[in-house]
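Down below are the structures I want you to see.
The two complexes that follow have chain A in common; it is paired with chain B in the first and with chain C in the second.
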Partner chain A sequence: MEKRVIFKGWALPLALLLPQLVITGVFFFWPAGQAVYQSFLREDAFGLSRQFVGLENFADVLTDPTWLDALWRSGFFSASVAFLALSVALFLAVQADKHIRGAATYKTLLIWPYAVAPAIAAVLWLFMFHPNIGLFGRMLNAAGIPWNYKLNGDQAMLLVILASAWKQVSYNFIFFLAGLQSIPKSVLEAAAIDGARPARRFWTVVFPLLSPTAFFLLVVNLVYAFFDTFGVIHALTQGGPGKATETLIYRVYTDGVMNLNLGSSAAQSVILMVLVIALTMVQFRYIERKVHY
Partner chain B sequence: MLRRTLGRAALAAAAAPLAAPALAQGGPVELQFWHGLAQPLGGILEGIANQFNESQRRFRIVSTFRGSYPETMVAAIAAFRAGTAPHIVQMFEVGTGTMMAAGRAIKPVHELLAETGVSINFDDYLPAVRGYYSLADGRMMAMPFNSSTAIVFYNKDMFRRAGLNPDQAPATWAELRAAATRLRAAGIEVPVTTAWPTWTQVEQFNAIHNTPLATLDNGFGGLGAELRVNNPVQVRHINTLMEMGREGSFRWGGRDGAGDAIFASGQAAVIFASSGARARFVREVPGGIANLGVAMLPYYDDVPGAPFNSIIGGAAFWAMNRGPNAARSAEENRGIAEFYAFIAQPRIVAAWHTETGFLPVTRTAFEQVRATGFYDQNPGADIPIRQLLRGGGQMTGNTRGIRLGGFVEIRTIMQEEMERALQGQQTAQQAMDNSVTRGNVVLRNFERANRA
Partner chain C sequence: MATLQLRDVRKSFGATQVLHGVDLDVAEGEMIVIVGASGCGKSTLLRIVAGLEAATSGRVLIGGQDVTPLEPADRDVAMVFQSYALYPHMSVFDNMAYGLKIRGLPREQIRRRVQDAAELLGIAALLERRPRQLSGGQRQRVAMGRAIVREPKLFLFDEPLSNLDAKLRVQMRAEIRRLQKRLGVTSLFVTHDQVEAMTLGDRLVVMHQGHAAQTATPMEIWERPADTYVAGFIGSPAMNFLPATLAAGGTAARLDTNGLVLPFADGRRPGEEGRRLLLGIRPEHLRPGVGGLDLHIELVEPLGGESVLHGRLADGTALTAKLPGALHAEGPLGVIIPLEHLHVFDAQTGRRLDAQA
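After this line comes the complex of A and B, so read on.
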């Protein structure tokens, strides 16, 4: 029997909703509307003259080969970051879930990096891997491995992926650990009695029961890799060398903020917005149904 | 009745902040000044602003460091759009094209002086500096201050270790390359590197070889200019850098000013950098000033007429209006003009020059410094100014400077293409051809947005 609570008028529910609506309106819809409006305009940097150009900004962006490259690069970058962050976190969570001495200490230490801001995380990695001043960078060069991510695009990509994934491992770790702890021990014991070895127990019992957590984390990680890695890229490589680490979000920044090409930047933001809406809809509509809660 | 009183009170309250500056007779008028110089230069600059504040009581300059030059430029433009622009912003030379075309966003120096009756003798300024910041008819648009030029710094100790003469720097690229090979053989990790790669290896490079960076006199002739950085001399030079990179005698130091750190930490033997980096190198390079060699930019001696004069870089001060629909009061303009007149004094120019390594922007200041014997005690301190006058001081369309809109973006493009070339992903010719194609798109967009 469903229990329904119905308000007696409009005033109270509206008043209760108002703060949320105002925040959503001011901080989400208004700027998003501005972006859509800007994307149809072409302006000088100071905003003194503007011209309505219709869909020209979009056409320019979508036919720009460097933008299309950035699109593929972002896909590769996000997939790599999500895969790396999820797999490492799962491995660590499974290990930390065992009965080992000092497990609580390990757990705490593993959670720490999440408190580090992306830009600071990037600076830490910079000090480790800078070819001239970084500890590991110098060690690599001394060992005869030509390490210079300022000039080698593949190394630069590797570094931003590592730094971004490292940052996200702790977050994933907490969720995986919670997920593991909520798996009833009796199920595992039953499997053990049936003769399933640890690896088999993990893949047939633990992993399926973790899939809701894993799915949630997959979405969060992809969104993180797409939108929140700006700080890491900005501090480490600024999108370079060449355009080797320029993702879509970084490009929005370069074109809009550094190059003051607001029309193109706004058009790119709108495209990103559409991409994300589509991605989320597809994921929740089709993939989520197959995940076993 | 009550409502009317309330209404009046609200009006008064709303008007109060607007009226406040005019009413505050007692305090000085505050002038916001944004600059883009990190320490130690930023501190020296703010010291000059403080001297101005102490010299009179009517105006007070409030200095704020806004990050690197590009960041300062972006911040000032964003502030203008929001109606909170600073009174004065320090803008690097690359932003000159953008500022010149900024219409009512800026307050040109010649207008400021005419309106306030303050006078500054611009005839005393070096022609290279004056030409860079004035209109074709000679009217000044910005107030020159920390002008620099690109020069070579080298580590004398490392030259000795490689068996090279520490008192004679390589004058041509052939000599520099030979020296770099010996430095490499002597185990120097980074024989040659560069800060501001496009400024030193493309922009200055084309000036001293009298080859065009862009058509229409590098953009001085109008907004229709097109890039010409794929000229044969430039392509040959990028190729030299690529070969040196493969031999391990040239190391890419990163974009913009990032290369400075490699030389300051004592890892690089030779760096192309701004003359304004002198203050930092004297403080940081192991061995200090005795170990610091200074030389003019090397050139290819088979290019006819080379070397010509180098061009200026660094920054100038631009007065800005508060926002798209908000002009400054006469009092504020007066304060800006007086500050300009203050920093134009020979003693200020001379002190800034000797402390930092930036150019003495006026002739009087230069003579004044020379009379003190500063150049005899500090060999090499006059290299930047001598290099600016190299080639007889007859400037051509290629050596006057650069005035291209969106040049910050074009620099990024050139840096990207150079990085891809140095990684071995493309040839020198392809890198420069791509720079031209992509850069011209930026120029055409700028032309279109500013046609007015």
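After this line comes the complex of A and C, so read on.
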């Protein structure tokens, strides 16, 4: 049931909304508007001259082979992060849903990584996998496996995927666990009596009942991987070696902040903005039509 | 279709023992109702038969085969749950076909069996629907259908009627009984409702605190309850109990309340003079009249053709009478106890005392 509160007059509702509106306006709409404005301009690096160029920045970006490379890289990176974070979280949630000793401790520990800031998480992984000072990095090299993510692009990609996925597992875990716990025990017992073994029970009963949760998480994870992993990549690889870990969001930063190519960077942000709006719309449309069991 | 045997089934959850050694023999095609108050262990017993719960000790045999170590999937039983437990994401057809698909039956055979069961239950028009589009009674039928199509050795019912409204419950009760007789499948039915138990079962198991207090046909339980618990549990309103002592060399009982001596109609009971007894008399067997008990009626519940009268004896003992007619007033009333309807129990153990031959 929808609950409506009717206010008399304008002053109170406006005062209650104002803080949120101001924050959204100053930190979102204003910079977003700036980005849209700048995406139509070409500016020299010192900001001394600017010129209106229409859609030329967009045309340049969309035909730039290095940008298209970054697009594919982002796609691969996001899909991998989402797949890894979702599957690991689902596995852990299924384990946590069983009656195990110390389940409460186990659940709490699993939720902790979500509270860790991206950059801190990256440093944690750096200390584990740095080829010279990292515990696992040294172990790998000592075992004869050449490990150096600063030289090997594939290894660098693997590392940022692992670090990014690790951070997202907690969030997914909470949702999956809640989803699992909302499945009535008797339905699973009915399936057991109907002759379904645990694996079959999982794929024919549990997983379909979790699919609304899983879809919601898929979108959230894609958005996370596309836009929220800047900190992890920046702290671990700075997009390198070469451009091996340069995703779209990292490229916006490189082009805009490092190379001061503001027009192109702004155009890239606008494209990303459109992308996130599209994902959010898919999400909303889906939630409206969501099937309630 | 198969027999079912339980051999000394015990179950403890930690330190709490909920089943204290239950034995049961169910013949082929028989419908056994397990009845008892909540917490008596009846559902646990059913779940042990299904394999959803492991017995702490004891054995379960289905069709003579020891299934104690087997998973539910390997026992070839079907269960109807109180919550129906339908698969919410599957159509009615898929709900019913699920168990058959797992067994790898040919598609055509599955379709035919589901269709037949659906027609038997009158849900053939609903096969494409999802469970959430069905009413409670329809869901109940689907749950039944899911059990029927499997053609299992054993039907297990875990209070399947308690979520239905009163009218539908009576209707489904008769329908379950008809179906069970027609299909001839050995069944266990758990309920807390004594009317359900009396009407459905070939035999009843009355459970009390983890023991099978009595296993017998409904009429036998009603006419010769094994102890005061069974006597009080089966029958509505519940049986009256009056404290008394053994008198006249074991051929009569002397009521504590007014010293009235009631000679036993069927013979003498063992024991010394003065042995403590509880006399049971069903409310419907009391008759108005003088020379019996003097009752003060506090409440009259008219039921149409008959009335339930709640009253007290002079010493405060509560007594209920069910008398024909609706014209009864509160106030004093004399009732007599027909001797042939007297039940005699030992006051200490609560066990029934039968007449000696």
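For this structure, a couple of remarks:
Please note the rule applied: the second predicted complex is superposed on the first by the 248 of 293 C-alpha atoms of A that agree within 3 Å, B and C clash if a C-alpha of one lies under 4 Å from a C-alpha of the other, contacts with A are read in each partner's own complex, and residues count from 1 in each chain.
Criterion: contacts are C-beta pairs under 8 Å (C-beta built on N, C-alpha and C of every residue); 3 or more make two chains touch, one makes a residue touch a chain.
Only a predicted model underlies this, so the values are computations on that prediction, with no experimental measurement involved.
When both complexes are overlaid on chain A, chain B and chain C end up sitting side by side without clashing. If you stand at the C-alpha centre of chain A, chain B and chain C are 150 degrees apart, rounded to the nearest 10. Shared-chain residue A:V205: touches chain C; no touch with chain B. Of the two partner chains, chain C is the only one that A:A191 touches; chain B does not reach it.
Once the two structures are superposed, chain B and chain C can be ranked by residues of chain A touched, with B on top. The least CA distance from chain B to chain C in the superposed model is 51 Å.
Those residues of chain A that touch chain C in the complex are listed here as 184, 186-187, 189-197, 200, 204-205, 208-209, 292-293. Put simply, chain B touches chain A in their complex at residues 70, 74, 77, 80-81, 98, 101-105, 190, 251-255, 258, 261-262, 265, 267, 324, 406, 408-409, 412, 415-417, 419-420, 422-423, 425, 438, 442, 445, 448-450, 452.
Taken in their complex, chain C has these residues touching chain A: 50-52, 71-73, 75, 77-79, 81-83, 85-89, 98-99, 102-103, 132, 146, 150.
Across the complex, chain B is touched by residues 42-49, 51, 66, 132-133, 148, 150-153, 238, 240-243, 254, 257-261 of chain A.
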